[in-house]
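One chain, chain A, appears in both complexes that follow, with chain B as partner in the first and chain C in the second.
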Partner chain A sequence: MLVHSRGARWALWAVFLVLFLPLFALPLLVVLGASFATHWSSVLPSGPTLANYRSATRGEALQALTTSLLTAAGASLLALATGTWAALAGAALGKRAKRVLDALFVLPVAVPSVVVGLSVLVAFSQPPLLLNGTRWIVILAHTVLVTAFAHQSVSAAVTRLDPAYEQAAASLGARPAQVLWRIRLPLLLPSLTAAAGLCFALSMGELSATMMLYPPDWTPLPVLIYAATDRGALFSGSAVAVVLMAATLLVLFAVSRVRTRASYR
Partner chain B sequence: MSIRFDSVTVAYDGNVVLDSLDLTVEPGEVMALLGPSGSGKTTALRAVAGFVRPASGRVLLGGRDVTDLPPYRRGIGMVVQQYALFPHMRVDENVAFGLKARGAARSEIRQRVGEALEMTGMAAYARRHPRELSGGQQQRVAIARALAIRPGVLLLDEPLSALDARLRSGMLAELARLHRELPDVSMLYVTHDQVEALTLADRIAVMDKARLRACGTPRELYRAPADAFTASFVGGANLLPVTVGADGVDLAGREVKVDTAGAVAGARATLCVRPHLIGLGAGPNQLTGVVQEIQWRGATHRVHVKVGEHDVMADVRELREPPARGTEVALHFAAADAVLLPEGVGHG
Partner chain C sequence: MAEAVRAARAVRGRAEGSRRSLGAFGRALPPVALLALFFLYPLVLVVRQSFRPDSGGTSVQPYADVFASEAFRQALWTTVWLALASTAGCLVLGFLLALVIAFVPFPGAKAVARFVDVFLSFPSFLITLALLFVYGSVGMANGAWTGLTGAAQGPFQFLNTPWGVLLAEITYFTPFVMRPLLAAFSQLDTAQLEVAGSLGARAPRIVRTVILPEALPALAAGGSLVLVLCLNEFGIVLFTGAKGVTTLPMLVYSKAILESDYPGACVVAVVNVLISVGLYGLYRVVSRRAGA
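Presenting the complex of A and B:
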């Protein structure tokens, strides 16, 4: 450890707690508390109830959860495929071409997601590609938004990949496709799953672009939470938020289990 | 299978790293490419493997021009310094990789993997992952993996450099045994270690600054090196500037009797004498000088003596009473043990 004296260590912990608790932990605890409450007029919430959760796990909310999970799964898989493809292709490019490619893929992150949402809306509201009003426009917008992260983390891993493995495989007679499927992708698996988890989490929480695009039969959870808070139903909204959080964390946990099994060294 | 370099030149961004190399490795021969780092020896090996493209010249394997073939169609076994075992595969899967890539039958794969692991003494580790093996074991697996595809040519790129000294001499003996068991496999062995080259190679190609400096059997290079660089890189040598006389040479005003055949009287030249061929005490071709440094190396003493303005190293059998620093000693060597080289550049 960098700090040796006991006092200094305690001081550091204190600073960490003072900064961390109010900024990160307390807001989440507040939502958790509110989700079990009917009133919150004094310091602590009151009127403990499970009714919020009853409504948050059935009917409209349950459908929204399924919608969110499907959207996130679809978007992160698509993003992973395109991002990985681009990262692998970028590694074979020259320096300047690779820089252009990287810049193109960072664009959706650099541009506000509202703008991305609007441009997707404008672009796909007319034939030949009329996606407006279908679920595909939501999935597409999420894919555009999260591909940047997939591309970035996979291309960082591709650069770190030791070319000695590919060369050993090639010298043993493996064609480029075999090298890709049997050597490169397995070695990239840990960062692929990490990227998938990141994309999934981002997509689960996406609101600003979704707001502009979602059709009535494809309402993701964040939209539902926003609608609930908008009409003042803070407590039932909190319960839905906790469900969203739990579902996301559960999926991330499952993905990280795959990752630990896939990391070889 | 023979390997032939036909004036192979390799350049990166206009920087020539291998300058028109002409070299032939006969079928079943072990050729060591010996040289300091940056001498182009690894580039030459990678040109055979297909990982660098010659700017000009051709590479032939068994008489077939492979210059334009991709690596996976060359049928070469390769072993590198860092082993490059696939970390996500077990030992037997690593060894089977090349056979599977070629679409070999399952029964054949099993049999050949068994053979290759048996040959390298790794059969007991077939179900382990590479990370569970020591460096020496990993290198054995890498060799087994390269041999499983039964290549006509085995390329070894500093295969022992990552191992410690004791393991290295053991592996060197193993490689010599493998070569005896596989007499048809040509080996191209890249190393900067002259001991490895002298021990293992049928012939040594000495490289320096992207060029081939000399090529010959270890004995030829050691006994009669063609130039000063080869002499000092293969075995180490005292290189003394001399002037050629009528029946000997003039070393700092002293007449030394050596064979001057082929040299023009009056020309400047370099006299090469191996340190272990110089004796301490009076004798023929005697030089006297002051002891600068004396190192005890167990079985031998290395004595650095300043003769005139030249440093002369002598390796003598361990002395019971070594001379102290600063004392005057006499050195001698047999005329037959000295080689006269054209005046030339040594290192650098």
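Presenting the complex of A and C:
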């Protein structure tokens, strides 16, 4: 305990709440409040309604939700496969080669996502690989953006892996593929699911690269929220934002359930 | 004889080692090839396009044009000072909040730490959307003001200025500083604090002489990550919708999508990549030193 006087402690907590609540709790509450309202011209929102949600769960918005979910699922799975492969292959490399591999795979974090969007747009708007105007270009850009995070968290887990298990399996005659499939991947499952959750959340909220690339028939939720607020429809935009947050949290929750089961096994 | 056997073993071992490392290289190849095709090759094309003006040929004309334009210099300056100011704000605020959570815990402090994690999984533009309702022209704060004083307009009109972006960036990125700090604090031996306290040091002095030196690596790592993320932030600036606030990523977007000036967009992109990759390299070095 750093502060022993009770008065000082209460004063600190008061300062904490004064800083924390308006900065971090209020924004989420405000978006939630606005999603149930039609007006906001005084302290509290007014005109309670469910109409925002009715429009946020059908038609264009429902399609955007499906688009976002499919994009995020596809991008996370692809990123997880690539990132895990790179992490496992990197663990077998020498020190210097591993450092180069790590640096390569972390690069997409450092490059601005808008630039990733631009580069994908420039590269795949021309033959031999013409993807511009299709949904694949969005999924591809998301995959590039989240692969770095998948690789980072899986490779951290690979270095923590106890080599005794795989050595025991190998000494009992298991082939490398068997060791990978029966020993290493199951041991990595908790961090694989954590990485999947992270990738999914990032892809669900991705706006920068998506704004550069999305074709009209593949509009993810963040783009729809931007379009709504840009034309002044703040309240229906908030409802879509709440749907986005809820969907992200639901998937994260489901993934963490898988994770606890995996770590108990 | 024994010598010869040992030498032969050594040679065979080396051969086996190099065969194994060759296999390891082979297995690392497919993911690297994918990365090269879908990430590095597009970046190379961006660099190539930045040297190809629409008039044809290869020249540095796009660079000369962009560097000469007032909009670019303005955007560069806005980006840099916004990122520096946001990082400073996040460091101060994150340090204070993490300090209270870790060392002056209150009931529910754990839940607050969990909430910070959840906060990180939401997109940044939600903060700007929320600020529109809090400080917007007909938002909470201005509504309260006009309700109390009867004035026609509230005093909070900063959302469309860089200050609005600054507030949103500090809000969104502070958790990125808090997380490594909380991890570092949880490893700090509290006996040190007790000893310092029992020897008569007051809280500010303990913070300065015991906690701050321990937190420095985490602060450096979190701070440089936030600096890079702020330099590259797009959603917050886009949602602010302010004509006066243009950052480099925003300039890339508007040049490419709104003006279809691809060589110009590529030039800005190259500059932006150089700045942020350079800083990120620094961050990696710092955080590896810090062992974070």
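Operating definition for what follows: the second predicted complex is superposed on the first by the 245 of 265 C-alpha atoms of A that agree within 3 Å, B and C clash if a C-alpha of one lies under 4 Å from a C-alpha of the other, contacts with A are read in each partner's own complex, and residues count from 1 in each chain.
One rule holds in what follows: a contact is a pair of C-beta atoms (placed from the backbone, for glycine too) under 8 Å apart; a residue touches a chain by one contact, two chains touch by 3 or more.
Computed from a predicted model, the values in this text were never measured in an experiment.
Trainee: For A:64, select first, second, both or neither according to whether it touches chain B, chain C, the two together, or no partner.
Mentor: A:64: touches no partner chain.
Trainee: Scan A:89 for contacts with chain B and chain C and give back first, second, both or neither.
Mentor: A:89 sits against chain C, while chain B stays out of touch.
Trainee: Could you say whether A:146 touches chain B, chain C, both of them, or neither, answering first, second, both or neither?
Mentor: It touches nothing on chain B or chain C.
Trainee: Based on the superposed arrangement, let me know which partner A:199 touches: chain B (first), chain C (second), both, or neither?
Mentor: In the superposed model, A:199 contacts neither chain B nor chain C.
Trainee: So in the superposed three-chain picture, is A:188 touching just chain B, just chain C, both, or none of them (first/second/both/neither)?
Mentor: In the superposition, A:188 touches no partner, neither chain B nor chain C.
Trainee: Going by the contact rule stated at the top, is it chain B or chain C that touches a larger number of residues on chain A?
Mentor: Comparing touch counts on chain A for chain B and chain C gives C.
Trainee: If you lay the two complexes on top of each other, which residues of chain A touch chain B in one and chain C in the other?
Mentor: none
Trainee: Using the touch definition up top, name the residues of chain B that touch chain A in the complex.
Mentor: Checking each residue of chain B against chain A gives 49-51, 70-78, 80, 82, 84-88, 97-98, 101-102, 129, 131, 142, 145-146, 149, 155.
Trainee: Mind pulling up the chain C residues that touch chain A in the complex?
Mentor: So the residues of chain C in touch with chain A come to 20-21, 23-25, 27-28, 30-32, 34-35, 38-43, 45-46, 49, 93, 96-97, 99-101, 103-104, 106, 112, 115-116, 118-119, 121-127, 129-134, 138-140, 143-144, 146-147, 170-171, 174-175, 193, 197, 203, 206-207, 228, 231-232, 234-235, 238-239, 241, 248-249, 252-253, 256-257, 262, 265-266, 269, 272-273, 276-277, 279-281, 284.
Trainee: Considering the complex alone, what residue numbers of chain A touch chain B?
Mentor: 162, 164-165, 167-176, 178, 182-183, 186-187, 189, 264-265
Trainee: Which of the residues in chain A come into contact with chain C in the complex?
Mentor: Residues 1-4, 8-9, 12-13, 15-16, 19-20, 23-28, 30-31, 33-34, 40-45, 82-83, 85-86, 88-90, 92-94, 97, 101, 103-116, 118-124, 140, 143-144, 147, 198, 201, 204-208, 211-212, 222, 225-226, 229-230, 234, 237-238, 241, 244-245, 248-249, 252.
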